[in-house]
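The chains carry the letters A, B, C, D and E, assigned in the order they are written, with residues numbered from 1 in each.
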Amino acid sequence: MLTAKLIDNVWATRKADTLSGYKFMLAEVIGGGSQDGQRMIVVDNISAGIGDRVIVCTGSSARRMLGDDNLPVDAVVVGIIDEDCQFG
Amino acid sequence: MLTAKLIDNVWATRKADTLSGYKFMLAEVIGGGSQDGQRMIVVDNISAGIGDRVIVCTGSSARRMLGDDNLPVDAVVVGIIDEDCQFG
Amino acid sequence: MLTAKLIDNVWATRKADTLSGYKFMLAEVIGGGSQDGQRMIVVDNISAGIGDRVIVCTGSSARRMLGDDNLPVDAVVVGIIDEDCQFG
Amino acid sequence: MLTAKLIDNVWATRKADTLSGYKFMLAEVIGGGSQDGQRMIVVDNISAGIGDRVIVCTGSSARRMLGDDNLPVDAVVVGIIDEDCQFG
Amino acid sequence: MLTAKLIDNVWATRKADTLSGYKFMLAEVIGGGSQDGQRMIVVDNISAGIGDRVIVCTGSSARRMLGDDNLPVDAVVVGIIDEDCQFG
């Protein structure tokens, strides 16, 4: 999984019918190395908010978070890193 | 998912039989970081057009957008970002 | 999917039994961005040739092109870009 | 698989229900090349510790390590490299 | 698939039970581009040796090489490139 910081909401009125009601957010990778600063769009269903540092799961495993294997989603928030957790 | 801008159509007369009728477009990643500017070919089935900023889903999840798990497709447009949506 | 140029054949006499008879080719990514110039080996079963610009599908979706989900293949040519197609 | 060094624990009180009880750790890729120094979060269920050099399996294969295909996990420790193993 | 050179063995006494008996090797990507020099650990079951140039299959397709979809493996040697094969 990746560590990322949620930096904004993303709105897409026209989208796959199956994605209606899901919350899309822009996340920025905060892990070190060459991926640092890379941005991606993630689905959040555990009420994460802008500014939160989160754990993002990608690929087919992301669908496991949403309980529906038919969703066209490849990145989801699976955890919110504790505020007092210093790491790295 | 990735944020990308659709920049052109791509034509491939000779292709997998199962891909007949699908629209292929060239997309350029617009998220920040090391992937910025990277190009890929995506399938669009929600009438996105050149210039649109879109959400691209990749990997096995891309097949979920097309309702046919037998298609050799690994990147699709799943949403069109609202024009008035400033993000990042 | 990626856009790539086929630049050579690759021969591997000793390989997985299930891969006997498949044609392996060296492809170079021609999309812009950080992946540019990256090389990979792809399977071709639509008679693409050296010099052709092709669309390459990767990951589990690549197996869909070959009609056998048991093949250890993660990249295939799914289309040949038309010669008169200028893009980008 | 990747070679990585475990560098810290990561705590996320709020996370997917299915992930309760799993140990998350921050890992830093130590293989050479452009991925060097890249960080990721991995699940460990073979009692690896901070400082250990480990083999990390990613993607759908990661779920195979945990014996539950429904977990939203895309990176796990599958082995601990022997201390006296010099490689590279 | 990737082209890589096998550069060493990797020993991990403590590992997933399901991986007992498999041979792990350190491979270095030799394709051009930004992945050049990147290292990964691959499983070999076709008797490849140090110094061999091999074709590496990654992701879920890697499990197809080993005939067991439950293995936590994401990279395997699927072919050994012929010694007299000049490519690129």
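As a convention for this text, contacts are C-beta pairs under 8 Å (C-beta built on N, C-alpha and C of every residue); 3 or more make two chains touch, one makes a residue touch a chain.
Being a predicted model, the structure only gives us computed values, none of them experimental.
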Joint neighbours of chain E and chain C, given as chain labels: none
Equivalent interface positions on chain A and chain B, same or different at half: different
Intercentroid distance (Cα basis), chain C paired with chain B, Å: 19
Centroid distance [mean C-alpha coordinates] between chain E and chain B, Å: 31
Multi-chain contact residues (two or more partners), chain E: 34-35, 59-60, 62
Chain contact topology (line, ring, star, complete or other): ring
Ring topology as an ordered chain list, initiated at chain A and continued via chain D: A, D, E, C, B
Chain B partner contacts - residues on chain A that touch it in the complex: 7-16, 18-19, 24, 26, 28-29, 34-42, 59-60, 62-63, 69-75
Touch list for chain A against partner chain D, complex: 1-3, 31-35, 46, 55, 57-62, 64-65, 76, 78-82, 85, 87-88
